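You will see chain A twice below: alongside chain B first, and alongside chain C after that.
Then we have the complex of A and B:
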C-alpha cells in the first residue's frame, strides 16, 4: 500500500491542471475526475486491507528513521477519514462539471479543489505535528481562495473574515506545537505521546490544551469560535460548500481534536468536560440561529454548527457508545449535509435565487432536487429509516448512559428544532405558491446524478448498524479512538531514540 | 535600448543604478541555490532572491516596461512544471528506492558542488517554483486595478 499516493495524486493533478488545462478546460475536468476517483477507490482498498496489517500501516518518507523524518500513519480512524473525504470530494467534483459553467476560470477552480483535497488527505494521514500544521494550511489557504471564488463583495468579505480568523488560530496551533516541541524534543505524535505519559502532571500541558482547543475549535466551528462559518460556507460555490461543511471542518477540526486529545494526550478529563460544554452550546445556539435564517445556504451553514456539536458531544462523552455515535454522525453528517448543499446549489443554478421567501412551488418544477432534499431533510432531522436517526439516537442514549441527563434532553430537543427549520425550507421553497420571477433553467445531468447517489447513500449507510456489518466496519474505528494509547504502542517498534 | 515607458517608474538615477544592481541580485540568487546543500540558503531563499531581482526591475522601470519583456505564460508553465518535477523526483525515489522522496543518487564527496545526492536537483526545482510564483504574485498585485463603484 503506497500511503503517499493520497497526497501526491491530488497534488500532481493540481499542478497538471495548472500546466496543461489553462486554455482547454475540459481537460481540467477530466484530470480532476480521474484523480478523485483514483484516490476514492484506493481509500476503500486501504480500509479493507487494514485488518491484515494488524490495524496499522506506517511509512516514513525519504527512508530515514522516525525522529528525523515525517511518518505517514494509517490506522482505522485515518482510513475512515480518507473514505469520508474522498467520497464527498468525488461527488462534489462530478457535480461541479456542469455547475461551474456559470463561473469563469474553471481550471482555477479544479486546481484549488485538488490542492484542498491534498491538504485534507495529508492531515488525515500524517503522524507528525508540524506536518499536520503544514497540510492544514495547504487546505485552508485553498479554502480561503475558493470561498472568494465568485469575487463579489460579500464573498470577498467572507473570505477575508475566514482568512483572518483562520490565520490567528493557526498561529495559536503553531505556538502549541512549539511548546510541545520544547517540552518533548520531537515532533512525531507517538513520541510526544510517550514523553507526556512519562510525566503527565506537567502544568505546561494545560496551556497546550487551551491553545489546541481554541485553534482546532475554530476549524471545527464550535460555538464561541463559529462566527466565520455562516459567512464563509454559503459564499463558496455549492460543490465547495459541500466540501467545506461536509469534510473540511471534520478533518481539520474534529479529526485533529480526536487524534491529538484521545490518541496523544490520552483523553484528559478536563478537556472532555470543556468539549462537552462547547458541544452542547453549539447544538443549541446553532439550532436556534438557523431557525431565523431565510437564506437557504446560510441556514445550512448554521445547521452545520449545530450538527458538528452532536459529533463532538458523542466523542466528548468518552464512553464507547458515545464514540460510536460520534463516528457514525460524522460519516452521516458528511453525506446528508453535502447532499443538502448540492441541493441548494441546484436551486440557485435553476432559479438564481437563495432567499427561500422568494421561491416556492419548486416541487413540481424540480422533482429530483425536491425529492433528494426531502430525503436530506428527513435524515438530518432524524426520522427513523434514515441514517441521521440512528446516530442521534445513539448519542442521546450515550448521554443518558453516562449520567448527563440534562445534556441528553437538550440534544433530543434540539433535534426537534432541526426538524422545524428544515420543514420551514420545505414549506417556503418546495411547496406552496410559486413566487418566482426569474427565468427557470433546467438542472443538468451531473448535478442530478450526484444528488441522487448521495440521497441513496443516506438510506444505505444505515446498514452499517447491522451487528455483523458493524463488527467489521465501525467497531475497529471506535476501538482506535477508545484504546487511546494503542496508537502509540503500535508505533513504538518503529521508533528510534530521541 | 528603446523605452516607450520612459516617463514611468522612478527617476533616471534609480534606473541607471538598477541596470547594474539587478544582475548582481540575480547572480546572488543563483549562488544561494547552487550552494544550497553546502552553505546556508537553498532553493527557497535563492528563489526569493531571484524573484526580488524581477521585483526590483518592476519597481524601477514600471510594470508596463517589464510586462512587455517577460513571458508571463512561460512563467506560469515553469511554475507548474517545477512542482510536477518535484513530485516526479519523489516518485523516482519511491520506485528505485523504497520510500517516497528517498535519495536515489550517489552522495559524492562532502563540500563538492556535485554531491549530496538529489538535494541540488530539489533545490533547483524549488528555486524555479518559488521564484516564478513569488514574482507572479507580485505582478498580479501590482497590475490589479481597484474599481470605485460608489458603494462602501
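Then we have the complex of A and C:
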C-alpha cells in the first residue's frame, strides 16, 4: 500500500488542473472526479488491508531516516478518517460538477478543493507534529480561499475572520509544538510520546495541553472557540460547506485532538474533564443558537457546533462505549451534515434564497431535495431507524454508564432542541406557505444523485451496529483510541528499521 | 422466525408497505386490507395462545403477557375498522402516501406492544411517534405547524423514555435488558428512581395526551387528515400511552402512596382542564381533540388508584374511549367529507340527511359522556369505585384530596355531556341550511366503519361484564381476580338492559296512544325565521367564558400560557436570543473569547497540577 498516494494524488490533481484545465473546465471536472474517486476506493482498500498488517502500516517518503523524513502512519483511526474524508469529498465533488455553474472559475474551485483534500489526507496520515501543522495549514489556507470563493463582501468578511482566528490558533499550536520540541528534541509523534512516558511529571506539558486544546478546539469549533464557524461555513459554496462541516472540522479538530491526547499523551484525565465540559457547553449553546437562526446554512453551521459537541463528548468520556459513540457519531455526522448542506445548496440553487422565511411549500416543487432533507433531519434529530439515533443513544448511554447523569440528561434534552430547529426548517421551507417570488430553477442531475446516495447512506450506515459487522469494522477503530499509548509501542519497531 | 406470530404481526405490515411502494392504488388498498386482516388474525391467535416469546442474537426481543396481548388485539381491531373507513374518500392528493403510512404504522404500534427488549421498545416507540408527524404532513401547508408541534412533544416523549429507562438500567445493559424484568421500589432507592419514574410517566402522558403534555392533541386533531386523527391520537396512541402507564404503575415500580396521589391529581386536572377548554371551542375537531385529552384523564385516574377495580376501570375506559373517540372523529369526518364545510356556522340539521352517521355519533357521544347503558358508563363507574376505595384507605388529608379528584371527575363527566350537546346540535340538529339540502348519506365503507364502532359501544355496554371485562380486563389483574371480589357494590347489567327495554316499550306505547304531533313553522316576531335566525350551537356555553374567574383563565389559555410546548418554545427562543446577541460579528470579540478560553483552560490545568 502506497500511503503517500492519498496526499500526492490530490496534490498532483490540483497542479494539473491549474496547469492544463484553465480553459477546459470539463477536464478540470474529470481530473477532480478521477482523483477523488481513486483515493476514496484506495482508502476503503487501506482500511480492510490493515488487519493483515497487524493494524499499523508505516512508510517514509524517502530513503532518509526518521527524524529527517516525513513519516506516514496508517492505523485504524487514520484509515477510518481517510474513508470519512474521501467519501464526503467524492460526493461533494460530484455534486459540485453542476452546482458550480453558478460561479465563475470552475477550475479554480476544483484546484483549491483538491489542495484542501491533500491537506486533510495529510493530517490524517502524518506521523509527526510539524507535518501535522503543515498539512493543517495547507488545508486551512485553501479553505480560507474557498470560503471567499463567491467574492461577495459577506463572504470575504467571513473568510477574513476565519483566517484571522485560524492564524491565532495556528500560532498557539505551533508554539505548543515548539515547547514539545524543546523538551523532547524530536517531532516524531511516537518518539515524543516515548520521551513523555519516560518523564511524565514535566510541568511544561500542561502549557502544551492548554495550547493544544485551545488551538485544535478552534479548528473543532468547540465553544468558546466556535465563533468563526457560523460565518465561514455558510459563506462557502454548498459542496465546500459540506466539506468544512462534514470533515474539515473533524480532521483538523477532532482527529488531531484524539490522536494527540489519546495516543501520544495517554488520555490525561484533566484534559478529558475539560473536553467534557467544553463538549457539553457546545451541545447546549450550539443547539439554542441554531434555534434562533433563519438562514438555512447558518442554522446548519450552528448545528455543527452542537453536533461536534456530541462527538467530543463521546470521546471525552474515555470509556469504550463513549468512544464507540464518538466514532460512530463522527462518521454519521459527516454523512447527514453534508447531506443537509447539499440540500441547502440545492434549495439555494433552485430558488436563490437562503432565508427560510422567504421559502415555503418546496415539498411539491423539489420532491428529491425535500425527501432527502427529511431523511437528514430525522437522522440528525436522532429518530430511529436512522443512523444518528444509534450514535446519540450510545453516547447518552455511555454518559449514564460513566455516572455523568447530568451531562447525559443535558445531551438527551438537547436532542429535542435539535429536533425543534430542524422541524422549523421543514415547516418553513418545505411545508409552509409558499412565499417564493424568484424564478425557480430545476435541480440538476448530479446534485440529486449525491443527495440520494448520502440519504441512503444515512439509513444503511446504521447496519454498522450489527454485532458481527461492528466487530470487524468499528471495533478496531475504538480499540485504536481506547488503547491510547499502545500506538507508540506499535510504531517503535518501525522506528528501528527505517 | 417466520413461524412465530410475534414476528409476523410486525413483519407482515412492513412487507405490505414495501409492496405498496411499487404497486398501483387499487392493489395498495387490497394489500393493506389483506395485511391488516392477517395481523388481526394473528393478534387473535396470540391473544388465545399462552405467553409467547422470540429471541434474536441471544436476547429476548419479543414477548407478550396478558396486558400486551390485550393492547395488541385492540390495536389490530381498531386499525382494521379504521382501514375500512379509509378505503374510500381519502383525499386523492395524498391517498397513495396514506396507504404507505397506514400499514407501517400498524407494524410500529404492534412492535411497541410486543417488544421485550429495552432497545427494541425505544426504537418502536420512536417510530410510532414519527408516524404521527408523517401523517400530519400528508396535508401539507395547513397541518405543517401542528405536525411539528406534535412531533416535538412526541420527540420529547422519546427522550424522556430513554432517560427514564437509562436511569433504571444504569447497572444493567440496555442492549440486552428485558423491560418485563424491570422492578424497582421507589422507596429506598433514592432520588434517581423518582426522577426515572417521572420521566417515564411524562413519556406515557405525552403519548396518551394527558396534562401537562396534552397540547399537541387538539392542534393535531384540528389540522391533520381526519382518518389519521381517528387512527393515532384518538385510538392507537391512547392505547400505547396507557400501555406504558399501566406498565409503569403495575410492573416497573413499587410506588409509595403519595406518588399515586400526585398521579391521580394529574388525572383529575387533565379531565377538568381539557373539558373546560372543549366547552368553548369554535372548531369541532379541536373540541373532539380536547375531549380525547379529557378522557385520558379518567384512565390516568383509574390506573393511579392502585387497586384492582380502579385499574380495571382505567383499562376498560381506555378501550371504550379509543372506540368512542375514533367513532366520533369518523362521524365528524363523514360530515366533513359530504359537506366540505369546515365552518361551524354553516352546519346544522343534518340528522335527517345523514341518519346513520347521526346515530353513530349520538351513541358515541352518549357513551363517552357516561350515559348508561353504554360502555363509557360502566368503565367510569368502575373508576369512581376505585377512587372511593383508595380514599377509604387513607388519612383525612388524602381523603379530601382524593374526593376532590372524584368530584372533578364526576363534574367533568357532566361537562363532557354538555360539550357533546354542542357537538351534536351544531352538526345534526337545528335547522338545515339551504346549501346543505342536497346532502346525502356517506358511502358504505364510511358509515359501516362508523356504525361498527358504535355497535361495539353498545355491545361493550350491554354486556360489559360478560364480554369485555371478563374476557380482556380481568386476566390482566391476575388469574384469581373475579368480578365479585373487586367490585364494592354489585349490579347486574342484565337488569339494566331489562329496565331499558321496558322503558323504551312504555315510551312507544305512550307515543302510539297519544299520536298527536304538530309541526309548525318557526316565527321570530310574527315573521318566519330566516337563515340569519338559525341557532348554530357555536355559541353554546359562551357565558362561561364571561364568568369571573374563568374569563381571565380562558384569556390566558388563549394566549397559550398553559401550553407546555409554547412555554418551552418561548424559553428556548429567549435563551437562544441571549447567545445570539453575544455573537456581534466583531472579530476582536471573538479573538478575546479565544484568548480567554485559553487562559481559563490553562488555569484549570495548572490547578490540577
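By definition in this document, the second predicted complex is superposed on the first by the 495 of 498 C-alpha atoms of A that agree within 3 Å, B and C clash if a C-alpha of one lies under 4 Å from a C-alpha of the other, contacts with A are read in each partner's own complex, and residues count from 1 in each chain.
Note that in this section a residue touches a chain if its C-beta (ideal position, glycine included) is under 8 Å from a C-beta of that chain, and two chains touch if they have at least 3 such contacts.
Since the model is a prediction, treat every value here as computed from it, not as a measurement.
After overlaying the two complexes on the shared chain, residue contacts for A:415 are found with chain C alone; chain B is out of touch.
Once the two complexes are overlaid on the shared chain, A:74 sits clear of chain B and of chain C alike.
In the superposition on chain A, A:299 makes contact with neither chain B nor chain C. Legend: residue contacts after superposition of the two complexes on their common chain; A:218 is shown touching chain C, with no touch to chain B.
For chain A, the partner with contacts to more residues, out of chain B and chain C, is C. In the superposition on chain A, A:115 contacts neither chain B nor chain C.
Residue contacts after overlaying the shared chain place A:11 against chain B, while chain C stays out of touching range.
In the superposition on chain A, no chain A position is in contact with chain B in one complex as well as with chain C in the other. Across the complex, chain A meets chain C through its residues 160-161, 164-165, 168-169, 172, 203, 206-207, 209-211, 213-214, 217-218, 224-225, 227-228, 230-231, 270-271, 274, 285, 288-292, 361, 363-364, 378, 381, 383-385, 389, 393, 396-397, 400-401, 403, 405, 408-409, 412-413, 415-417, 419-420, 423-424, 426-427, 431-433, 467.
The touching residues of chain C, counted against chain A in their complex, run 57, 122-123, 126-127, 129-130, 137, 140-141, 144-145, 147-148, 151-152, 155-156, 158-159, 162-163, 166-167, 170, 174, 192, 569, 572-573, 575-577, 579-580, 583, 585, 587, 589-591, 593-598, 601-602, 604-606, 608-609. Every residue of chain B that touches chain A in the complex is listed here, in rising order: 76-77, 79-81, 83-84, 87, 90-91, 93-94, 97-103, 151-152. Per the touch definition, chain A reaches chain B in the complex via residues 2, 4, 8, 11-12, 15-16, 18-19, 22, 59-63, 153.
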